[in-house]
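Listed below are the structures to be examined.
After this come two complexes, each holding subunit A, first together with subunit B and then together with subunit C.
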Partner chain A sequence: MAIQSLYIINKSGGLIYQTDFPLPTNSSTSTSTTTTTTPSLTRLTANDYLVLAGTLHGVFAIASRLTPTAVKLTKTPPPSSNILPSYNNSGLRCIETEQFNLYIYQTITGLKFMIITTPTVADLNYATDVAETAMKSCYEVYSDYVMKDPFYELGMPIRGKAFERRLWELIVGK
Partner chain B sequence: MTIYSFWVFDRHCNCIYNREWTQVVNPSSSTSASASSNTPTASLTGSINSKDNEDTAKLLFGTIFSLRNISNKLSPSSTTMTSANSLKSFATTNYRAHYYETASGLKFVAMSDLNVKDLQKELRFVYERIYVDCVVRNPLCPVDFKHQGKKITNGSFIHGIDRFFGTL
Partner chain C sequence: MSKSLKTTGEDLWKNKADKVNSELFTLTYGSIVAQLVRDYKQDYTQVNLQLEKMGYDIGIRIIEEFLAKSQVGRCQSFKETSEILSKIAFKYFLNITPRVENFSTDGKQFSLILDENPLAEFVELPDDEKANKQLWYSNVLVGVLRGALEMVQLDVEVAFVGDVLRGDDATEIRLKLIKILKDEIPAGED
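And now, the complex of A and B:
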């Protein structure tokens, strides 16, 4: 499970940050792996990314409306004791496809972090927890390097170089 | 392992079958498959083709449709065979929805609890063994569910679905 892409969506469904990360490749077969075994995601146009973010923002809300009656009757939301819990009580959390997995993490202010990873072979519930931990780390970077930036306007696209550098250090490790 | 509901959408985007199990099946009650097929057990409660589910069906179809488009858009250019069926499931904190689409555009959706890993094979089985046998090969069933609100009311299909998901 390698992180391929990160999206940050503000509380009204606008995309404020999007980046693709290079997949870790073996140094011996660096030329062939990118094309054959680990295909990366298709690059879309900037407009397509905005549409995608908006769609997911809507689907996120719809998914919580779809909760089956049987669950509504019996289940209570599990108590979260950990630091920075996901405030995603009933919305969309994980999407599994043949080519990639997508995970969504929501903060208390309605900001959504989404990461796309390569398909996992591990248990999906476990993978979701791992992905959520990774997104929490991104949230910490966001709090430090975006929220404390005096020139940043809330809800606007993130352009800070420090944030980007710190994020790459975190995910890619260089 | 709990299955909450099961949905079939045809290629005209209409929901042609929906089944919601409201009472959770006890694992102890379904110990023998023969017992569940003869006597109505807890798994047989719930609603079949309920009118209350019309809006839910539309919402579910919209969700599936959007997610499928997103997954096709982002997927690296692959063969056309796999791209039709690239979406496998999506999950919230409360449930997981499994998705299977046939080449003819029929969509099968099953909602389950989060501990169910993968229902692709099961949904494929439902299509191959239950849908094809009871609906496609049934001369009394319409070929195309063109009219809004037309549903599968075939007794053997309903029974087959209940029996199959009862054994899971």
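And now, the complex of A and C:
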């Protein structure tokens, strides 16, 4: 499971950040862990990304209304301490397909982090935990490098270079 | 939560919080207040207002760091909010644990008593009657609390009701829950 793409969506459904990550090349011949700089996904137009984010925001809200009470998750966070518990008892948390997996984590301020990963063979619950841990780390980077930029305006697209740099260090490695 | 809030707060303070020389912090805040007092020509009501505004802008941002690092979830009651503010939030950001007191019977109001206040370490208010009656020196905290709580959909009225700097018995911040902003709670969290 490798993270291919990250989206950050503000509480009103606007896309404030989107980036694609290169897939790690695991060729055993090269000892150095060089990664290709070309992202693994085809780029869409800027407008398409906005539409995608908006749609997802809507689908998330609809899904939260549709979740049958019986399958709603319990409020108690998992015993494993390192995983940030998700407070969404309903709504969209994960989409699994043959081409990719998609995970969403929503903070209690209404911010959504969404990542697209390569498909996984692992157990879905486990994969969701791993994805949520990754998104939690992105949230920490966001809280440090976006929230503390005095010239960043809340809810607007993120353009900070420092944020981008830290994010790449986190996801792609140095 | 298996661990007590107190240990959670202490762990966070030890392991997650970036620290800065406390004197630098205290002196910086002091010079901001002093400059505001000069800018507004000793109009202390205006100074209070400006400090509150600055605090609010800090609060709506600082909440994200708090949530990201503390892994605290949504509070089930205002009582829980008070405990988390005192034992985790104040501990994490200021290394103090204010006492939670005077909960009203309807559970919608409480006071935070600051036995120590890092903002006011070396401070003596100017020697005029007005300053002593009007200026809430640490009013930035009021704004921070209001801003941060608003971002987690709690509409709260926050105000200082006492400050040892003014000769009061205790430094006390009063919080009053006006309403929970139900419409703002993100979808999927019911």
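Assume the second predicted complex is superposed on the first by the 142 of 174 C-alpha atoms of A that agree within 3 Å, B and C clash if a C-alpha of one lies under 4 Å from a C-alpha of the other, contacts with A are read in each partner's own complex, and residues count from 1 in each chain.
We adopt the following convention: a contact is a pair of C-beta atoms (placed from the backbone, for glycine too) under 8 Å apart; a residue touches a chain by one contact, two chains touch by 3 or more.
Keep in mind that this is a model prediction, so the values were computed, not measured.
Once the two complexes are laid over each other on the shared chain, residue contacts for A:95 go to subunit B alone; subunit C is not touched. In the superposed model, A:41 makes contact with subunit B only, not with subunit C.
Put simply, more of the residues of subunit A are touched by B, taking subunit B and subunit C as the two choices. Of the two partner chains, subunit B is the only one that A:52 touches; subunit C does not reach it. In the superposition on chain A, A:139 contacts subunit C only, with no contact to subunit B. Legend: residue contacts after superposition of the two complexes on their common chain; A:147 is shown touching subunit C, with no touch to subunit B. Within the superposed three-chain model, A:122 lies out of touch with both subunit B and subunit C [touch as defined at top].
In the superposed model, A:107 makes contact with subunit C only, not with subunit B.
According to the touch criterion, the shared surface of subunit A, contacted by subunit B in one complex and subunit C in the other, consists of residues 63-65, 77, 88-92.
Remark: subunit C residues 60-65, 67-69, 71, 73-74, 151-153, 184, 186-190 touch subunit A in the complex. Across the interface of their complex, subunit B is touched by residues 39-42, 44, 48, 52, 55-56, 58-59, 62-71, 73-75, 77-78, 88-100, 116, 123-125, 128 of subunit A. Of all residues in subunit A, only 11, 60-61, 63-65, 77, 84-85, 87-92, 106-111, 136, 139-140, 142-144, 147-148, 154 touch subunit C in the complex they form. Subunit B contributes residues 2, 4-5, 20-24, 56, 59-60, 62-63, 66-67, 69-71, 73-78, 82, 85-97, 111, 113-115, 117 to its touches with subunit A in the complex.
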